[in-house]
Structure formats: structure tokens, C-alpha cells
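Next come two complexes built around chain A: one with chain B, the other with chain C.
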Partner chain A sequence: MKNNRFVYTILTPVFICLLVFKVLPILIGFGISLFDYNPLMEENTFVGFDNFKALLGDEVFLASLKNTVVFVVVTVTLNVTFSLLIAQFISMMRSNKMRSLMRAIFFMPVVAPLAASSMVWKSMYANKYGLFNNILNFFGLPGQNWLGDKNWVMPAIILFSIWADIGYNIIIFSAGIDGIPGEFTEAAAIDGAGPFRRFFSVTLPLLARTTAFIIPMTLISHFQMFAQFEIMTRSAGSTAGGPNNSGMVLTLEIYKEAFKYKNMGYASAIAVVLFAVIMIVTVVSRRTNRVDWEY
Partner chain B sequence: MKKKTLALALALLMLLSMLAGCTQPQNEGPSKDPAPQNSTSGGGDSEEEITLHYWTHVETPWNVSNDKMVEAFQKEYPNIKIEVEAYPYDEFEQKVQTSLLSKSGGADIYELWGGWAYEFAPTGVFSPVPDDLLQDLLDDCYDPVLGAFEHEGKYYGVPMEFNAEYGGMLVNKPYFEEHNLAYPTTWDEMIDLATEHSVSKNGIFSMRGFDFISFDSVPYTWLAMILSSGGSYLDGDTFNFDTPIAKETLQKLVDYVKVNKVTSIDGLAGSDLENHHWLFLGETLMAPRGMWTVPVGEEEYDLTYDKEFSYVSIPFYGSEKRWAAETGWGLAVNANSDYTDAAWKFISFFMRPENLRQANIDRGQIPPRKSVAHDPAFVEAVPYAQPILDVLDGASWIGPINTDVLKEAICNMFADIVQNDTPIDDAIAKLNQDIQ
Partner chain C sequence: MVKKKKNVLIRLLGLLFALAVIFAVVLPYLWMLLTSFKSTPEIMKNPGKILPIKWVLSGYEKVLTKSPFFQWFTNSLVVSVSVTLIVLFTSSVAGYIFAKYNFRLKNVLFWLILASMMVPFSVTMIPNFLIINELGLYDSLGSLVVPMMISGFGIFLCRQFCEDIPNSICEAARIDGAGDFYIYVTIILPLLRPCLASLAIFTFLESWNEYLMPLIMLEKVDSMTLPVALSFFSSQHGNDLSATMAAAALVMLPVTIVFLIFQKQFIKGIALTGGK
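After this line comes the complex of A and B, so read on.
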């Protein structure tokens, strides 16, 4: 009983914090989505689900939804695949110092603020004097308008996002790989399994717990990415989103509707949709990757 | 036991700090000074000391000018202290908006962009302009500078400047001299010159003949082409671009990019530099821009005006010298301020012709008052204002809309036509739909 009182006392502030700063804003956000809400107005009209109905006919919203899904699917797939391969490659290195150095190198972009590295990459993508076009020109190839051509905007941002975020998953996968008892791979090697067979038949299955953690976490964080879209798709003096909204994603659309056009009810409706999408994807992902064994 | 006590103490500390964080400070509202008040609208007439908070954005010439204005005001009204708070431009709009939303915090006096004022005016967050000041301004100001501050016959802000994004253009003076060229006096001359001197390879320009591609320049160039041709894009208060003149002029602009190749679409898609920057870098021959870009060339690029670049009249497309202008920067008073009368006293002081003239000179702005714009002292101090001063009477207010929305819709449409070959009719139909 005495112990319970202690636990309640310790947890109460945390739960209050969660309630006030996490749960309540979500509920209020859902409430606002039912209004034609402009906080400057004295009265805001209750419109029910009209904001949600309007979304179905909104070209910009549909483009943002499509772009968000494409970005998340491509980036998360590439991120998880490459981070796993790189982590495996690093774990195969014999020198501890070399392993630490490689991990540090890959982790460095994660430490840099996303907004700052977005600015740097934006200058590297510049039409004129940009690093990528200079390299292409060096080989006699024509430069591309990376952030100004609707066909290149998303690939350019995906490449940057993978560079910026891959280090985190490499560290997690590395820890997972290091945690697999050596006996399993040694036994497989004695049975004649080569490096590829050992990786696919031993390492990969035994990393299922790590993968079950990494996939939903990466999905959630990528659905919420904002800074690189806001910075890299903004032309001088203009608003972000890229040509033909090719770089418009849900987070950017929420920001634009809420703070540029002051349609906070509509922006909240988009936020509710994003919340629902993340919720569904996370639940499906967790169920698919469920692991009920241990070693 | 020791550990439990420590953990308990930390938990209580967390709870207390959280509660403290959630509690609104009592003195958060505008100018809630401890000094007693004589009236609810606080005029500052008595000897009571009051403090007004004045929010502006960071821009060196503006900040220096504000300091001078405040110093002069405080000499005349020693009991009214003004604290100027300058915020970086990128966060200034959000800061203003958030403070107005809270209805209890923020400033007494706001510097305000006309485009924002248009949305704020109907909400009652600003105090209406006092009658005597209003009448003075209505008599002496150009129409475009007041448009966005008006709502149902009342005005909720006053203009500090005439925001002219058309009427003048930056020119690459060394290039003109080196090639023995004269500044164009007709539209056709200008386009021919631009076409002849533009240089690009694989879509990358080393010289843009006429760079009208920027968030401001595309809309204002197009609107001026429509108006100068005798056309209109307004049916009463409704925007309508579905007219033969609007389509013809839009097609011309598209051709300048795709056929004449006088500039690239990068300014709306991908580039981090606006058109005036390329001119200051020596890679543009002519660029239609507001006069405010002249100090940018001088201060940011360390260029000498009239030697390394110049600012001249831009020829009109049609036969009439008509163009559109939006309401630019102005001043407004927080309706929730305890000292609205004192705040208006400062603004009235600011708007006195002699004070306004000095502020406009210091900031490189076109004056909103006719009397100041035609004051020889102003023209002498800001010689590069002449091209715009010559055409001020031909300006009309852009119309009742958040100008950011209009400009964004026009720029998106233009980029769509250039990049995707969208038919002009379809693009204009979509534009009309987007801005309604």
C-alpha cells in the first residue's frame, strides 16, 4: 500500500504532463476541426464534418497525401534496407576503432539540426554554382533544376532525408546485430553457410525485435517530417510546396492552412487525417512485425 | 528510504514547475505598468508616466529611423515612454498574429503589412483610426496605401509607405555602358534588347535580359500589362482574369520565357535568390522591382548606386500608365491596449509630413502622402525615387484580397503554364477558382 502511494506520487506529474501536453491538444485539435475556426474572430461557426468533406475535393490536399505516402514508403524502405546493410557491414569489421569511427561518421548527420542541413543541401542542389550540377557539368552532362522541376523535387528530398536520418537506424541495427549470440552464426558457418546465407537465415530473423521497433518509429517520424520540405521547396520570396505542389506534404499543408491562410479548422481536419493515417500504419506495422519469441 | 524521499521531492518539484509554467503572468498584457491610470484609454495627457510597446521587424535602416522617431516623440511627450521591440522578419508575422490571438499580450503599437491588415481589420483586434487623423490621411494619401486598412467604412491602420513594386526597374549600368546601349523607352524596345542580350546554356543563364520572375514581379508585371492596356481584372470586388486582355498579356509573358528566353522560371521554382540579387551579381540586364531594392544593392552588395547599377523608369506595355499597388507597411494600435489614445498620439506624430518625410528618406520608401511625395526635399534626398514618383497617380489599389494568396496563385499558375504547357484558358479558369 505504502509502495503504491509512492508509485502514484511519482507518476502523477508525468501523467498530468501527458494529459495536458499530449492528449488534450489532440482532443482540442479534433474539436477545432469541426469548426470554421479563425481564432481572431469573435464567433466561430460549427460546421460538423464539412471540413473533412471539403478535403475530398481539395487538389492540394490530395497531392499532399499522395506525396506524403510516396515519400514515406520510398524513404522508409530505403532507410531500413540501407541502414541494415551498413550496420551489417560495420559489424563485420574486425577493428573496434574502425567500427566506432564508421558509426560516428554515419551518425553525424543525425546530430546536425535538420533545418541547418536542409539549407546546406539546398545550396548543393542550386541550379547555378550548386555542387551536384557542377559534378554533372564536369562530366559533360547538363545540370538539372533539382528543386524547381516537379519530377526532381521528391527524389532530391528523399536523398537528403535518407542521408540525414540513416545514422540513427544504423546505430540501433548495430546494437541489435552485436546482441545476437555468436554461437548461432558460428554454428551456421560450421554447417557450411556462407556470409549471405548466414545474414539472411540467421542474422535477419534474429533481428526481428529490432526491426519491429525500427519500422514503426521510422514510419512515424517520416510522416511528421516538415523542415526539409519547408526549406527546400521554398523559392526566393515565395511560399513552400514546390512546382505544382510536387513537394507539398501533409505537415506543410497543415502549417500553410493554419498560419498563412488562418483556416485553423481546416488545418485541424488535415491534422486529424494525418493522425489517423499514422495510427493505422503503426498498428498494421506492429501487428505484422509482432515477435513472440526470445533467445 | 533516502532515495524515495529524493524521488518524492523531485516529483513535487516537477509538478510545481509545471503548474508555474501553466500559470499566466499577471503583467503580460500590453503596457500594464504599475503607474496608476487616469482613464481607460490612457491618453498620456496628465503627468503620469506610461510606457508603450512598439513592435517592428529587424531591418537596420528601419530600426535606426524608429529610434530617431521615438527620441523626437519623447522630447515632445516626456511622460510617454516608447519601448521599440524588433523581431526577425521571418517570425514577425507569427509573433504579431499570436499576440493578437491571445488578446491579452503583445504590443500597444504594431508595425503591420497591408496584406495582414486586410485579414485583421474585420476582427476587431485593432483600434479604429481617430477621426481627425483619418480625415487628414484621406485628404492627402494615395488610394492604394489605405485600401487594406478599411473595413465597413472604418480604418484600422495608417500607411507608412507607398508600396510600389512596379514603375521602376533596376538596370545593369556597366553592361549598358560597355555595350553602348540606351535604356529602353518603349516596351518593344525593352523586350528586343532583353532578347538580344540574354545568354543561357542548357537552361542555365549567365545573363538574363529582362528578369521579371519573382514572387512580386510576375504578378505586378502582369497586372500592369492588363491595366495599361485599358483592361481590368476586377468586377466590383470580385477578381476575374477571364478576359481577352488578361489572356493576351499572360501569353506574352509566357513567350518571354519560352520563346524569347529572356529569363528562366527558376525564380519561382528552385532558386534561393530573387531577381534583384541576380542583377546585383551582374547576371541580369533589367529587373522590374520596387525602389526598396536600391538600398539592398548598396548595403548587402556594397555597390555604388548610379555607377554599378541604376534605377530607371520601366516602359508600360499599353498606352496608359496604369498599374496596381498593394497596401504596404503601416502602423496599427492594439484595441486591447490600456493606452490607445497615447498610442495614436505617437502615430499622429509619426504621420506629420515632416516626420514621415524623414522616415521615408531613412528607409528608402515612397511616401504615402501626396504632399510628402511631391516635396522637393524628399526628391532631392532620394533621387532614385523619381521613376516611381512620375507614375504614382496611375496606381490603383490591387483589390480586396490577402495579397499573398493572390500572388501565390498567379505565380503557381505561371509556373504551371511554363513548365507543363497548361493551356492559358485552363490556367486562368483555375486561377479564378483559387482566389475566390
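After this line comes the complex of A and C, so read on.
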């Protein structure tokens, strides 16, 4: 159909919004990363790529870059593996009620605000009265200072993040598994393939389309995780980041630099790096997971 | 006979495993609720006890009387409802236009919408903060609504669904003299209902749970939305675990209850949008 007046009356405000809040911020972000920009200063001097050069010698930045990569790689790997296995396990259950109960239970943490569930887990990780240490003590094992020990901060946050987010992928994998026509697995069963063989040789390859959707989406969302780091690594009297910055990630560092110290130029340089990392990872994971067939 | 017995055993083990997993996933909720009904001195003195020795409501009382909890709740509700209604409108009307109309630059504009979906907020938050400041929206609920009025995902989703609506229906209405907007309201919107239901769920949840954006856009205690307010409350009452858990419960339970009531629609919605 054609009606330019209608089309443009609607689309003009839509695209103005899009430009102001999505496109312009990217350009501004690149722009201020080249300045020593502080909103409280009278003058903001142009410094070229100095902010980026400074990043290379900044221990906090290097630590948060490393932590971000470790967090994303470990969490996404565990998340995708377990969500696939759990989805397969759920699909093998006979009772319909049990299946939807399982899905609902796993999905429950996904709808909860991350800020609230982080708070709950933070108290479970607490040193003296926390749940985890109580369980360990009950079995005669020594408790750990989970969020106060630089070796335990990351594992603790990773475990939480898997709990908080795995339900989403379970639902999508379940939908994928249910979408596979039964003939394929039945034919394999008649040919004598056991349950493991059926899973790895039939179900898994046929799920390639779902995996191609899940892996990039999960990667992108985990690069941006923020609430759990800000809340769980914060302790009374100190700003977030954990002992020796062991719980510092890029999003948290951008937030701290920009809004706690008002170094918006420097923070924008970190944001540009994060943007580049996310873009590269997205493109690579889309390429490697591309699927050209249908059934 | 032996095979049958083995099968029953496997089923039983599977069931036990399922129950154990369910318990593990629900455990944080139990911990939160049980702790919220203990008094703080009791938590400190009896760390090993899981059940409250004495059930008390002092934590809840503190949240509801010592903080503007209802104000926070209202703020969250106003922001999430506004964002959801606006996004439903802009997504459906733009999706309809991209599916059914021909105009110049259509493909470029649609590509722009898809590209906008890929822009992470953590990357654009500093310029967004500066723009909101320029617009005079800093520390107002508008700062959480205005930047979220357009959803690239929403437009994309609605376009997919509009494309399944046969052109002949729209054309027939047109011949009968219906205007474009009238066609959108009377024909397109009702047919988009399932798609809009899932979009509403996602948009509402995302807005309700958002933490980073209100953290940077809001300053006054009275203008906070629930997730930030909760974080603020816990930093104010850091030692009062009972009150913190009560506040967390008050924030978590409404969404959880709504989810449990509408779980079928939720799960269908995820599968619908994710599987495409």
C-alpha cells in the first residue's frame, strides 16, 4: 500500500526518538572519549587518544577486562550446557504437569529483579550467618568468606548468575526440542541408538538453529551484567569492585568512573572498548553458528 | 520383567533428581522469606537455625514505616505501565507500516531499527545521561520513560506478525473507504493480540526490573524505582538483615506471583519470540 502522509507522520517521531537515544549517543560517546570530559569542569580539553593510551597502563581497567572475559566465557558456557541438558531432561519427563512445573520453577528467578535477588544471595554468601557457610559448618567443613575473598568472588557471582538467568535458555531450548519432529528420534531408536546417542547425533544437530540464536544472545546479555556486581561486591564503607578489584567488570568500571568520579571522557573510552568487544564477539558468534538448512 | 523394573527405577531416580533440583532453585526464596520473619538479633545469635524461633513482622514493619515504600512502588508502576503502553503503540504501528506500506528508504530505515537493537545500554549510558540532562528530565520519572519509547525488538516482532496478515484484508477495508489509522485500529491491532501480549510482558518486566538506568538518572529518594530503592534501603540499613530481606521480598513477590498466575502465557511468549 502507499500513503506517504500517514507513513511519515508516524515514522518521523519514531526515528527522531531513535536518533536521539540510540544513534546520537554512540557518536557522542566516541566524541567524548577523545576529551578529558568532566561535566563539572568549566573547560574540557581535547586529548586525542590519550584516554585509550592511559587504559593500557590502568590496572583496574585491565583487571576488569580480564574479569569480564572470564565471567562471560565461564558463565555462558555453563549456562548453555546446563540449560540444554535440563531442557532435554525436562522433555523426557512423562507427566505434562511435571514438565510445566519444572519450566515454571526454573523461570521464576528470571522474572525477579536482579537487584533484589542479588541482595538475597549476598546474604546467603554472608560470612557468619549466611546459608552457604551454615551448610558447610553443618557438615564439619570450614566456611569461606565468599564475597570478601578475591578467589571466591567470581565463582560466587557466576553461580548466582547461572541461577538467575538459566531459565530463559531452558525455555527456548525446550521449545526447540519440542519442535523437532518425533520421527527423527524414533527412527534412530529403531536403528538401535540409545538415549545418549540419540541426543548427541540427532537432537543436538537438529537444534543448531536454536543454538545459533541462544549463543549470541546470551553472550551479549552477559557482557552487560551489572546489578549483581554492583550489589554483591559492595561492602559497607567501600565502593563496589570487590577485594583487589576481583569483582570488577567493565560495566561497573564505566559506571564508577563516569558517575562516582565524573571522569566521563575516560569512562567513555572504556565504553568504546566494551562496544568493540561486544561487536566482535557478536559477529564472530553469528558467523560460527550460522545455519543454512531447514527441516 | 527385569527391563520394566529397571525403567521404574530410572523414572524414580529422575523424579528424585527433579525434586532436588526444584528445591535448589527455590532455596533462595525460602531463605529470603524465612529470614524476613526473624528478628535481626535472632539472626545474629542463632546463625545455624533455618526456621525462625519466633516469627515476627518487625522487618516488614520497618520497611513500610521507615521508608517511602508505597511511593517507590507507585513510581515503578507509573514508569513500567507508561513504557509498556507507549512501546505497544509505537511497535505495532511502526511494525504495521514496515510490513504493509511502500515508501522511500524503507530498507535502510528498517536496517537502522535492527541495528539499534544491538546497541548496549552500558555503552550509551553516559551520552544518554547528558542528553536527559539537556532535556531537563534528570531526576524525574520521565528520564526512565522517554528514552524507552521506541523498541527495536518490538517493531521487529510486530512486523513479523503483520506480514502474516493477508494484504487483501487491508485492501478490502480501503476500498470500503477506511482510513489508514482506522485500518490499524480495527483490523491490525486485534489480529496482533498474541504478539502484543508477549511484547507487553517483556517490556513491563524489563522496565520493572531495570537497575542501571534509574541508578544514574535518579537522585532524590522519593523519585526512586523499586530496584534502586531496595539497593538504597539496604545500604541505609546494612546491618538489619531482617528488614533488608523483607524489602527484597516485597520487591520480588509481586512479579513472582504475577508470573505464577500467567506462567503459561509467559512461557508461550518466550518460546514464540525466541524460537523465531
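Criterion: the second predicted complex is superposed on the first by the 280 of 295 C-alpha atoms of A that agree within 3 Å, B and C clash if a C-alpha of one lies under 4 Å from a C-alpha of the other, contacts with A are read in each partner's own complex, and residues count from 1 in each chain.
What we mean here is this: contacts are C-beta pairs under 8 Å (C-beta built on N, C-alpha and C of every residue); 3 or more make two chains touch, one makes a residue touch a chain.
Just so you know, these numbers come straight off a predicted model, no measurement behind them.
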(message) I'd like to know which partner A:S123 touches here: chain B for first, chain C for second, both or neither.
(response) both
(request) Specify the partner with more touching residues on chain A, choosing between chain B and chain C. (result) C
(request) Name the contact category of A:G29: first (chain B only), second (chain C only), both, or neither. (result) second
(request) Once the structures are superposed on A, label A:K262 by its partner contacts, choosing first (chain B), second (chain C), both or neither. (result) first
(message) After the superposition on A, what does A:P39 contact: first (chain B), second (chain C), both or neither?
(response) both
(message) Is A:G148 touching anything from chain B or chain C once the two structures are fitted on A? First, second, both or neither.
(response) first
(request) Once the structures are superposed on A, label A:F139 by its partner contacts, choosing first (chain B), second (chain C), both or neither. (result) neither
(message) I'd like to know which partner A:M98 touches here: chain B for first, chain C for second, both or neither.
(response) second
(message) For A:T239 in the superposed arrangement: first (chain B), second (chain C), both or neither?
(response) first
(request) Using the superposition on chain A described above, determine whether A:W293 touches chain B (first), chain C (second), both, or neither. (result) neither
(message) Need the overlap of the two footprints on chain A, from chain B and from chain C, as residue ranges.
(response) 6, 10, 14, 17, 20, 39, 123, 126, 128, 236, 259
(message) Per the contact definition, I'd like the list of chain B residues that touch chain A in the complex.
(response) 4, 7-8, 11, 14-15, 18, 22, 94, 97, 100-101, 119-120, 123-125, 202-205, 214-216, 265-274, 277, 402, 404-405, 408, 411-412, 415-416, 419-420
(request) Would you tell me which residues of chain C are touching chain A in their complex? (result) 11, 14-15, 17-18, 21-22, 25-29, 31-32, 35, 43-44, 47-48, 50, 90, 93-94, 97, 100-103, 109, 112-113, 116, 118-131, 133, 146-147, 149-150, 152, 167, 170-171, 174, 180-181, 205, 208-209, 211-212, 215-216, 226-228, 230-231, 234-235, 238, 241, 244-245, 248, 251-252, 255-256, 258-260, 263-264, 266-267, 270-271, 274-275
(message) Under the stated contact criterion, what part of chain A meets chain B in this complex?
(response) 6, 9-10, 12-14, 16-17, 20, 38-42, 122-123, 125-128, 133, 142-143, 145-150, 235-239, 242-244, 259-262
(request) Show which residues of chain A lie in contact with chain C when the two form their complex. (result) 1-4, 6-8, 10-11, 14-15, 17-18, 20-26, 28-29, 32, 39, 86, 89, 92-94, 98, 100-109, 111-117, 119-121, 123-124, 126, 128-131, 134, 137-138, 163, 168, 171-172, 174-176, 179, 210, 213-214, 220, 223-224, 226-227, 230-231, 234, 236, 250-251, 254-255, 258-259, 264, 267-268, 271-272, 274-275, 278-279, 282
